[in-house]
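Next up: the structures, one after another.
The two complexes that follow have chain A in common; it is paired with chain B in the first and with chain C in the second.
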Partner chain A sequence: MFTRTVRPALNVARAAQQQSQGMATLREIEQRLKSVRNIEKITKSMKVVASTKLTRAERAMREAKKYGAANNELFKHTEIEKSEEAPKILYVGISSDGGLCGGIHSSISRAVKKAMAEQPGTLAVVGDKPKSQLSRAMPQAFKVTFNAVGKDVPTFAEASAIADEIVKNGGEWDEIKIISNKYLSAISYESGVTSVISAKALQAAAGFQAYEMEEDVSKDLAEFALANAIYTALVEGHAAEISARRTAMENASNNANDMMASLQLQYNRGRQAVITNELIDIITGASAL
Partner chain B sequence: MFASRLSSSLRALPRQASAVRMARRGYAEAAGADGKLQLSLVLPHQSLYSSAGVIQVNLPAATGDMGVLANHVASVEALRAGVVEVIEENGQAGKKWFVSSGFATVHGNNTLTINAVEAYPLDNFSAENIRSGLADANRVLSSSAPESEKAEARIEVEVFEGLQAALAK
Partner chain C sequence: MSSTWREFMSWNKYTQVASRALRQALTETDRVAAEKRAAIGVRYQLWENGQGGEQKYVVPQAEPKSAGTPPV
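On to the complex of A and B.
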């Protein structure tokens, strides 16, 4: 119906048909109205589901953040030695497979591309959506990918399975940079980078020597720290995704409501025009008698 | 009547003075002023202690059971499946949790952080289930399963035996 008002030139040839097809265009508007109404119902229910999931995700995130902070205590006190050669970096992009969540996945892909441009390295990706976005840009950098994560609040078991796989098949690295979305508030998020150092770098770090150890636990510690960091990033990213989905569905519902209002007005105008035309026909016919 | 009112107000004063003294604690002395070890015992889904002052913590380190008091030397210990006991106040009985595994780190500034994967109070466990779990794990060990499954079964046996020992105490 917009075409008829915005591009009248194209429809001049069909002007004659339009009068007789007054009812058909009305039916089109009616159908459009019905489909937008259905879409609005779907997006509104998706928004409600996301709101309820958000409370659970936020609670899990608060506990996971304390867990991650305790994990980082040790690394705050140890400084990494700066080596002469460029360190080998493995980037781990953390997102999920689900769509309809606004710019969550693009935020991760953009951050990964930016980081790879500054310091190239290898790539591990959690989630089908960022995987498809990044495999177009840098297919050769991929080491290992994961999916079926993020449907529910992530568990530590999932995080350790991911860490285990990265250690087995991720190749060699000096440092791991985890790129995930940080939850800033219920309506905003931002991508951030968390660094996890390898066992070798940990052993060489100055502050680490100050800690007494009866046996060398640096390898186990590094792997445990990796699993902890991945867990924290997964849970926070999950909370950010749920809140983004809630916002996106709320915007979609509002847009659908606006469309329904303008469609309804157009439908009424069309209906009144048809009635007016019929009246004119009747009256001119009657006056001709 | 007047005497009693005077004495009651006199009794109130010392309490207020000590409150004022405690409020003036500086950042650096937060740990040292009350001499307590700052414990952070955290699980992935729950934090049991978050920078809380405690007297003593007993840990099941992989290299042997150890106790950590305030101002312990900095060290990193891997934990095996066993009981972590936290004594919050002098003379109180310690609170016990069975921990599956994790890491304990004592930092130089009188803080102890324990990242444990799972921890549950001892009364959450049923001896029946432990016995049947241990029997299943031993069965896998003595069967002709692949090495990876046997390694998992070995870990299970370690955890169940630790649980039995903890419950027996």
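On to the complex of A and C.
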């Protein structure tokens, strides 16, 4: 190293600065590489977990869809007459609390905002994420919100409890519109609206007038229909969310891999530049002798 | 004649109570399987004038008996 000491002071200083800059950048690149590698491991494992959960969620969804189909079948035969004034609508937005699942929650928020713009009404929300998005836009419309749903496959008991709370504290309504994500395939979903009829409208419907029954029966039926519809929406939304999370984590892993490749190249180039500079120093130093 | 439960609860609540009674009457293995299907961890929150109220569990959760996970 004595060759360094014979060089003019200025050159030494410049070379030292260049070299220290080079070393600092190298260390930075190394740290970035390490952190991106860790992130890739995490997102890959999250994707695997989501894939395994997806099979269970899909199976539950296929069972739950039968509840929803039974519901719809019954109400196909009850046509509601259009009343004169605008019906009071309660919107129920169904999503969940978890993040890292792509555009699931925003799709629900957007659908709710669009529906409220056309036909305003009151709002009940299941899930923390859409709740925070919508409470910034329309806090006055909220009646009741729910959370702590969606970590596991939703059960009918949970749907029944939610329906119970809505009936108790949801205010007055003529119609309920449930806004949830429909599972189209393992890689796509779309928000959709399901209508649930109210007890009053049921009683007035032509199909039911043909039978004699007590008042209470239509009220019970409306409440059961609500629990049914909420259950179907919850389970389908859960499956859609898991598939979206799987896709999002897969994209994140691919992006992380691309970043690692480009960072690795940058690191190699930087390392070679440092070595080349050292060689130049030594050789010019040696030639100066 | 209207049933007495109508004064106190909705139909959904009524079926929840009835199914809980049925679950508790099952034999051990069936009961455990049924309890898993009936776990309710939902919390709700009433809103008044754009302000959320206190969050309450629909079914109060039992406190975990252990002291919790160790610090590391």
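One rule holds for everything that comes next: the second predicted complex is superposed on the first by the 263 of 289 C-alpha atoms of A that agree within 3 Å, B and C clash if a C-alpha of one lies under 4 Å from a C-alpha of the other, contacts with A are read in each partner's own complex, and residues count from 1 in each chain.
Operating definition for what follows: a residue touches a chain if its C-beta (ideal position, glycine included) is under 8 Å from a C-beta of that chain, and two chains touch if they have at least 3 such contacts.
Bear in mind the structure is a predicted one, so any value in this text is a computation, not a measurement.
S.K.: Would you sort A:Met260 into first (chain B), second (chain C), both or neither based on which partner it touches?
M.R.: A:Met260 sits against neither chain B nor chain C.
S.K.: Please work out whether A:Phe224 is in contact with chain B alone, chain C alone, both, or neither, and reply first, second, both or neither.
M.R.: Both chain B and chain C are touched by A:Phe224.
S.K.: Based on the superposed arrangement, let me know which partner A:Ile162 touches: chain B (first), chain C (second), both, or neither?
M.R.: After superposition on chain A, A:Ile162 lies in contact with chain C alone.
S.K.: Would you mind checking which one, chain B or chain C, touches more residues on chain A?
M.R.: C
S.K.: Could you look at A:Val49 and tell me whether it touches chain B, chain C, both or neither (first, second, both, neither)?
M.R.: Neither: A:Val49 stays clear of chain B and chain C.
S.K.: Looking at the overlay, does A:Leu26 come into contact with chain B only (first), chain C only (second), both, or neither?
M.R.: neither
S.K.: Once chain A of both complexes is superposed, is A:Tyr67 in touch with chain B (first), chain C (second), both, or neither?
M.R.: first
S.K.: In the superposed arrangement, does A:Ala186 touch chain B (first), chain C (second), both or neither?
M.R.: neither
S.K.: Enumerate the residues of chain A that count as touching chain B in its complex and touching chain C in the other.
M.R.: Residues 155-156, 214, 220, 224 of chain A touch both chain B and chain C.
S.K.: Can you check the complex and tell me which residues of chain A touch chain C?
M.R.: Those residues of chain A that touch chain C are 135, 139-140, 142-149, 151, 155-158, 160-165, 167-169, 214, 216, 219-220, 223-224, 226-227.
S.K.: Contact residues on chain A for chain B in the complex?
M.R.: Going by the criterion above, the answer is residues 60, 63-64, 66-67, 70-71, 73-74, 77, 155-156, 159, 210-215, 217, 220-221, 224, 228, 231.
S.K.: Given the complex with chain A, which residues does chain B contribute to the contact?
M.R.: By the definition above, chain B touches chain A via 40, 42-47, 50, 61-63, 73-78, 102-103, 105-108, 111, 113-115, 117.
S.K.: Provide the residue numbers of chain C that touch chain A in the complex, in ascending order.
M.R.: So the residues of chain C in touch with chain A come to 2, 6, 9-13, 15-16, 19, 37-47, 49-52, 55, 58-59.
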